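Naming follows writing order (A, B and C), and every chain is counted from residue 1.
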Amino acid sequence: MQRYLLRRILLAMVTLLAVSLIIFVMSRAAGDPRHVYLDDYSTQEDWDRLTATLGLDKPYYQQYGIFLGSALRGDFGQSIKEGRPSMEVIVERIPATLQLGLAAFAFSVIVGVPLGILSAVKRGSFLDMAGKVVALVGQSAPVFWLGLMLVFLFAVRWNDWFGDSLVPPYGRQEISSIILPAVTLGWFYAAANLRLLRSAMLNVLDSEYVKLARAKGVSNNIVIWKHSLRNALIPVLTFAGITLGSLVTGSLVVETVFAWPGLGQLAIQALAGNDYPLLQAVVIVFTLMYVAAALSVDIMYAYIDPRIRYS
Amino acid sequence: MTTSTTENTAPVVLEVDGLKTYFETRWGTVKAVDGVSFNLRRGETLGIVGESGSGKSVTMLSLMRLIPEPPGRIVDGQILLEGQDLVQMNDKEMSEIRGSQIALIIQDPMTSLNPVFSIGNQVGEAIKIHQDIPKRTVVQQVLNVLRKVNIPAAETRVRDYPHQMSGGMRQRVVGAIGISCEPIVLIADEPTTSLDVTIQAQYLKLLKELQEASNIGLIFITHDFGIVAKMCDRVAVMYAGRIVEMGDVRDIFNHPSHPYTEALLASVPKLEEDVDRLYSIEGQPPTLHDLPTGCPFAPRCQYVMDKCLETYPLQFDVTDSHYAACWRLE
Amino acid sequence: MAADATLVVQQPAVPARIARKLWQFRRWPLIPMFFLVLFVFTGIFAPLIAPHDPERGGLRDRNLPPAWEEGGSSEFLLGTDHLGRDMLSRVIFGARISLAVAGVTLGVGMVIGVASGLIAGWYGGWLDEFLMRIVDIKLAIPTILLALVLVLALGQSFLIIVAILAIAVWPRFARNVRGEVLQLKTMDFVALAKVAGASTPRILFIHIFPGVINTLIVLATLEVGIVILLESTLSFLGAGVPPPTPAWGSMVSDGRDRLAVAWWISTMPGLAIMLVVLSMNLFGDWLRDRLDPRLRQLN
């Protein structure tokens, strides 16, 4: 167990290091990094000061050291567009992104898990068919398009029925604003959960230990919800660990589509405004969030599967 | 071989009469069990022998009412456990009986325990379901049962998970689950196939002792006549969903009356004989959705007669307690 | 009995024979296969098929609806966009971009993945450990984030997009090929080849590689969908193949602010993406079940 966790934590740290290295290399590969911050109107003094802060007169490995040092302090330099420290801009945006991520996660669990279980238990039923459609659309439709289609349907086509306030298509002014973005972002995950859980449940329900549990006189409901679900969740969690990345990717897209003022939207704004200092900070923070989420999935995994806990 | 009482006068606890279990598949109706009748007395061990696909496992699942429905269904027959017909019971009544009055020990100890629950949890579950007793007593009972199946250091072992135990130990845990509520009838479905020989012998001995101690009616499902000889009082030989021969173990071994039984016995390697050729039965067991009229064994039978191809053989008594379904006995 | 009568087997009539032949294909994913063939075909022959120039439009023809809607014209079957460009032609040319990106990416990613998978699996030891940790790290970094950094630093171009996507796909190939090699390595025919004095490259390519081809085909079909989705997402975010090249993702983005007036601008290219990815997934699932049921856990 300890070895398992240690390995995971180590991997998380190496991942962060790798991302920082990529960002550093790219900032140098793009040309003189000073051009990013300074323009023709800057004085020689400005140039010299920046040279010293970035350590441009030193060898590359020392420059990386300086970069890493300030990154650890949360200092990623000034955002060009905003004219204030990148970290400051980011901190304001974190709550919105977390809120959306959690809502999407909740949606994917609320839809994906029961539908996955039921379509395994009642194989071939109407519910199973419906689940199949949800899963196929979720895995094939691009997230950005799905979002736009939902906006089109709810805000344009069916506007007469829903009105503007029930499911507002843009911004984050009202509580109900989160519905459309969360559904869009959660759909892919719901589909993946559904598919995985269905096939895992089918395997488990067919297993000898479920047969034995039934032979003990355990009722059908307890067989499904206690004996089977816990085993079936193992592959689902593995998947969650591997593809949490798509939640990050998705939030970039969904926040852009729905004008949701979070980190994802910020990243795209930084891209559009050539704001490298801001983008690098967003990327680091995103990776940090992602790595932390993956790590907590690993811990949960160990909790559910005793074979990992005790080895 | 057991020195059991040849004349068993104990009360009958399980009576199966004309049991038919069919499966609806894409290729048609599979008659997995097609009219099986037998009875079991208290303290008696009945062996059910046959190749895979002969219907012995489906018989076992039917007795537990664990046939997956659909596609399977018990279409006809009675299963009387101390006079109550299990076929007529609803799910709730049945789950009260399962595990408490009729219990099961499953084939493969490596896969029959749930990997995510501790041993104590899994043994205790049956006790908790069937007996209304406080938690402390459940723990005590679990320990008792584990000791009964000779698990050393049961106090510490209860907290273990299946993957921390050896195959032999796990098999004992499965056995412990089977006897935990002191059932009247215990069904053991090839409980030793994946164990090595010494552990297998130990386990069989233990099972025999447990059975004698609580006077359980034991049904032993296997394809191994060697085990039958060691464990059973009576044997039923199954082929293509029906019992083709049934009788006392000694009668069957000494006078096999159905050609299939004969062939099965001939295929058991014997130590004292010179084994330069292993006997095997020619041909494949029939596919159950497309049974020929007449005797299903006829295509593989060395004594086949015209009549065998036309009508299914009647049962003929060899002795009072021994019958076989073969036209040669007519 | 009836045995004599059945000896004369009647030849079924011709229509029945054809019906039987067709019946064999009933489990084939015919509809997905049709769409995939269509996708590849339009991608390759786009200039010959497209009725209009995808990059030139007339201001008079702006925001025309599809032919079946009120006000649509049969000249522009799927309508026109905000610059008066023919949607159908743009969707057809978009297929070309997606096809090219997916093809090149998969080719590059597969070569890198297979090579490192073969090496890691065959040599084992620190080399294996090293390569597999790189795979772990790569799988732990969200591709899109990496893409944004690279695009902002190095600029937008077809080459950079392909490079980014190739980086995204190779780890999966590497990991699966490595797993296969570990199994194949212990087989007798490999030992025999060694005894016969075959060189390592020879063993790897003549004896091991054919064993992983099934896995590769299945994996590749499943990855195509992922690559197309990634590419279109990058295009949508403005980090894809640079405009005015008509990529499906950027076309959806064009229609974003015009949903109320011209819903078809976003809908049509998105539908095309979904159709291709859906077909690819269904085809891949079928292929996996046929070629390599062990891969069922994948995806």
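Simple rule for what comes next: a contact is a pair of C-beta atoms (placed from the backbone, for glycine too) under 8 Å apart; a residue touches a chain by one contact, two chains touch by 3 or more.
Just so we're clear, the structure is a prediction, and the values are computed from it rather than from any experiment.
A comparison of the A-C and A-B interfaces places the larger number of contacting C-beta pairs at A-C.
Centroid distances built from C-alpha atoms place B farthest away from chain C. Separation between the centroids of chain A and chain B, computed from CA atoms only, is 53 Å. With each centre defined as the average position of its C-alpha atoms, the distance from chain A to chain C rounds to 24 Å. Across the assembly, chain C contributes no residue that touches 2 or more other chains. Multi-chain contact residues of chain A (touching two or more other chains) are absent.
Annotation for chain B: no residues touch 2 or more other chains.
Of all the residues in chain C, the ones that touch chain A in their complex are 133, 136-137, 139-146, 148-154, 225, 229, 232-233, 236-239, 249, 252-253, 255-256, 259-260, 263, 266-267, 270, 273-274, 277-278, 281-282, 296-297. Considering their complex, residues 11-12, 14-15, 18-19, 22-23, 26-27, 29-30, 136-137, 139-145, 148-149, 151-152, 155-156, 199, 235, 242, 245-246, 248-249, 252-253, 256-257, 267-268, 270-272, 274, 276, 279-280, 283, 286-287, 290-291, 294 of chain A touch chain C. Per the touch definition, chain B reaches chain A in the complex via residues 64, 66, 91-92, 95-100, 103-104, 106-108, 111-118, 125-126, 129-130, 161, 163-164, 174, 177. Contact residues of chain A toward chain B in the complex are 207-220, 227, 230-231, 304-307, 310.
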